[in-house]
Amino acid sequence: SKTKYGNNDVAGVVTGLAWTSVGGDILFIESSITQGKGKLTLTGNLGDVMKESAVIALEFLKAHSHWLDLQQDVFDNSNVHIHVPEGATPKDGPSAGITMLTALASSFTQRKVKKNIAMTGEITLRGEVLPVGGIKEKILAAKRAKIKEIILCEKNRQDIEEIEQEYLKGLTFHFVTEMKEVLDIALTQEKAKKN
Amino acid sequence: SKTKYGNNDVAGVVTGLAWTSVGGDILFIESSITQGKGKLTLTGNLGDVMKESAVIALEFLKAHSHWLDLQQDVFDNSNVHIHVPEGATPKDGPSAGITMLTALASSFTQRKVKKNIAMTGEITLRGEVLPVGGIKEKILAAKRAKIKEIILCEKNRQDIEEIEQEYLKGLTFHFVTEMKEVLDIALTQEKAKKN
Amino acid sequence: SKTKYGNNDVAGVVTGLAWTSVGGDILFIESSITQGKGKLTLTGNLGDVMKESAVIALEFLKAHSHWLDLQQDVFDNSNVHIHVPEGATPKDGPSAGITMLTALASSFTQRKVKKNIAMTGEITLRGEVLPVGGIKEKILAAKRAKIKEIILCEKNRQDIEEIEQEYLKGLTFHFVTEMKEVLDIALTQEKAKKN
Amino acid sequence: SKTKYGNNDVAGVVTGLAWTSVGGDILFIESSITQGKGKLTLTGNLGDVMKESAVIALEFLKAHSHWLDLQQDVFDNSNVHIHVPEGATPKDGPSAGITMLTALASSFTQRKVKKNIAMTGEITLRGEVLPVGGIKEKILAAKRAKIKEIILCEKNRQDIEEIEQEYLKGLTFHFVTEMKEVLDIALTQEKAKKN
Amino acid sequence: SKTKYGNNDVAGVVTGLAWTSVGGDILFIESSITQGKGKLTLTGNLGDVMKESAVIALEFLKAHSHWLDLQQDVFDNSNVHIHVPEGATPKDGPSAGITMLTALASSFTQRKVKKNIAMTGEITLRGEVLPVGGIKEKILAAKRAKIKEIILCEKNRQDIEEIEQEYLKGLTFHFVTEMKEVLDIALTQEKAKKN
Amino acid sequence: SKTKYGNNDVAGVVTGLAWTSVGGDILFIESSITQGKGKLTLTGNLGDVMKESAVIALEFLKAHSHWLDLQQDVFDNSNVHIHVPEGATPKDGPSAGITMLTALASSFTQRKVKKNIAMTGEITLRGEVLPVGGIKEKILAAKRAKIKEIILCEKNRQDIEEIEQEYLKGLTFHFVTEMKEVLDIALTQEKAKKN
């Protein structure tokens, strides 16, 4: 099981929340950057919509590289790989958007991701965060995995308010409307050690 | 819901009108331009016909770059990304043509789009705007989203005349036959701040 | 409806005749040329056979560029786009061959197409025009659209002779066997103004 | 109908024999060569096996360019287009192999093809001609089209011997085992005029 | 049959464990490196998920090339081929991940793989080894093939504990959590002779 | 029929043994090399597994070019074409592996293949020959085609021992375990004349 939460020592790995036919689950968005020519590789049995989220996340970072003090040419001179374990499970949908965005931002800056944080939300090319479904199931899964903080779209606040209070104990929520807020909350100033 | 209308602070984002099996809706055409080699990326779960609209819009702008005081080489040295939220919803058809054209023109010129305006219409390579379907449903959706001005093909004027007057209160219509008219109406002279 | 016939002010647009399950119709073949590296882009919901017609037309012009006083390198340094409105309607078959050929020849030379002319016929790589089907329905559609002259394959002459005379009033027919004849008839010596 | 036989004034066009569900027919293999970088374009609604024949024919000519006094770099600096009218009819099978080979050899050398000749046979990469089916139907179609000479695989001789003598009157047969024989028979020493 | 175990004289070949509808089996992951430009070729009738494992393994090695004292440019200047006999059998799933990783590491370093070792486990981009299914069947197949040591994910320890002791006689197990441990166990310091 | 066996005057052509629904047959693997940039072209209506055999054979030769005294750059500067007549017959499976390997080795070295020899066996990337099915049917077909020597995998020896002695008269068998043995047996030291 995935209940032992990874410690985020490695840059580029972020915890997302998934909603499947058998309930909520956490998943890891793993990203890795190597010297290259701007190729994007996507693995983990991803459907088309989920692949599009990765494209949007990467294009958005390119267009807003100044946010992260990145030079434009770092994108041209890098290959980017995003993987979502576990390979045997097909995955799809737009709700990993902010998780992918954060993973890529962490990989490019080598800034560590905050510990014990998870997130779910669709991204857009203009920088807005959109609400997603399955919030209750995702929150329960996050708790089981010892997550402490969760980032959601402001428009998902109502879904949280409909959950009984006892299930929310120990969880801090961040409701956001813009993708920049996600990065400000999730990325620490601490640099990862190259492993 | 999408009823809170975006304020168009960002260049490259334009409000379109969609007609789906569950009625009318507004949608955003988001475009973004980064340094590149002329690649066009399309995301948002788009069908083939809708993707073709984006190709036509971009090719038309290239061939008429003088309208917007753009140099030819800006197209060769840019990558263009068009995204249409929400990723989980499949979208198709030619009716987002003028919206895509306006979004790209705004992105390339960084001229802001007029506030509270929406549009729907097919585009052609020779610069004509063609009529589209679902006008009544689209108009109702536009009103719900606080849209004030709407651009339509002249040949859709009759569809508007068949709608009861009370539903049209507060809406200004622009009926056009040529794509150049769309750009003249929708693009302001104000430049967007880089965000 | 398409009954108001375009005035051919723009080079590269030619009126074709289509035969669909609901009768005859006119359609526009639109072409546009921009600075590029020889890429051919085809839009308008075209089937494979119709796309092949565009490839044949372009290759034929390349191989016979001297007919139009074109330099060989104009093809290498141009991107060609052919679009056939309306995007929502799937289209297929070889009968737009001569229309595509004429549209491309007009685009490359910027010579205007004769007003009020329409055409239908398959093309070959050796320069012959082949007959096509649905002639009666296409002729009726052309008349409704105020077409005055029609180019057909010589082998379609018999189909015209089988139509009652009253339907042909006001129409002039050109029966051809070679693709060069089509260009000689359809292209004027007048240059289009860049729009 | 195709019964009026083309006069082979143009290099690169060769008459083949086809066998379809409705009987035998002649078809034209048209080829054209333009300045380029070695691209092969295939049109005419061809199936995979027929496309493979074109690839084999071109590769074989490259490997045996000395037969035709061609320089190796003519292949690298040319684009080759093979088209088989009529576009609306799907075509497949390996039997146009020798016809494609002859058409390409004629295009590259600009040597005219012998008048009133037709052919059918599969090709191989080692230069052998293989027998094909539908010989009786193809011969009848050739006669109807006023063909005078026919090239066949030696192994199809028996199929000819089974045809009643009266159907063969006026036809000369060439039975071959090697692809070089086909070129020797079908290509004249006369150069085509550029048309 | 595959029961005679290969002697690992050749670098780049590693024994994996497969679980099919007819029970467990061993399989060989074969890899080969030639001078090139970074192309990855995958053969052996592999499904998409298994192909993704190879991509992940290669990208992970690129990002952690310092572990193996490899220069970055060795990846840019090599073509990598992974083959999994037997070609007639379709194969899929993520469980060959650590086997592929080890095969590639052996190929790039030319370090020999330990004799009589086999392994099964999914890999991730962040370096974790994930558990896989069919452990009992795989262990029985390994024994039949005279395997002596087996590498498994720590989370598969419980599956081993559920197997009766007599079936495990003569087998040594290595339970790992990180991909680096796999390489440390499986790769010897002995260099392969070029064969 | 294919019973008249080719005389192997041409380098690059090797006789294989096929097993189809209608019994055994011989087939020819034809290969051809032209000046190029390393492209591999496969024709002959081949299925995916058979195409993979060609890829493995070519990659294996690249990695073991020293066996044949070939320079590495001969592969980078050549295009390779493998064709398997007859185009109308779909073919698949891994059993042509050693035949393809031998054909390519003969093409690259221009060494002639031994006369009256045929072979069948799967290849691997590590140089092993694997057994294949349909041995009895293949042997009978080889006899009908006047084959004198046959190369098989050592693990197919048992299949031969099960065939009645009278069917084997006049046939010499070579049982091999490694791909190098195949080349040593099948390739003569005599160079082919360029044809």
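Labels for the chains are A, B, C, D, E and F, by order of writing; each one numbers its residues from 1.
As a convention for this text, a residue touches a chain if its C-beta (ideal position, glycine included) is under 8 Å from a C-beta of that chain, and two chains touch if they have at least 3 such contacts.
Just so it is clear, the structure is predicted and the values come from calculations on it, not from any experiment.
Mean C-alpha positions place chain D and chain E at a centre distance of 52 Å. For the pair chain B and chain C, the distance between mean C-alpha positions equals 30 Å.
Taken together, the touching pairs link the chains into one ring where each has two partners. Contact ring, oriented from chain B toward chain C: the chain order is B, C, D, F, E, A. Note for the complex: chain E touches chain A at residues 48-49, 52-53, 55-56, 59-60, 62-64, 66, 72, 75-76, 93-94, 97, 122, 124-128, 130. Considering their complex, residues 6, 10, 12-13, 28, 30-35, 41, 43-45, 79, 81-83, 85-88, 194-195 of chain A touch chain E.
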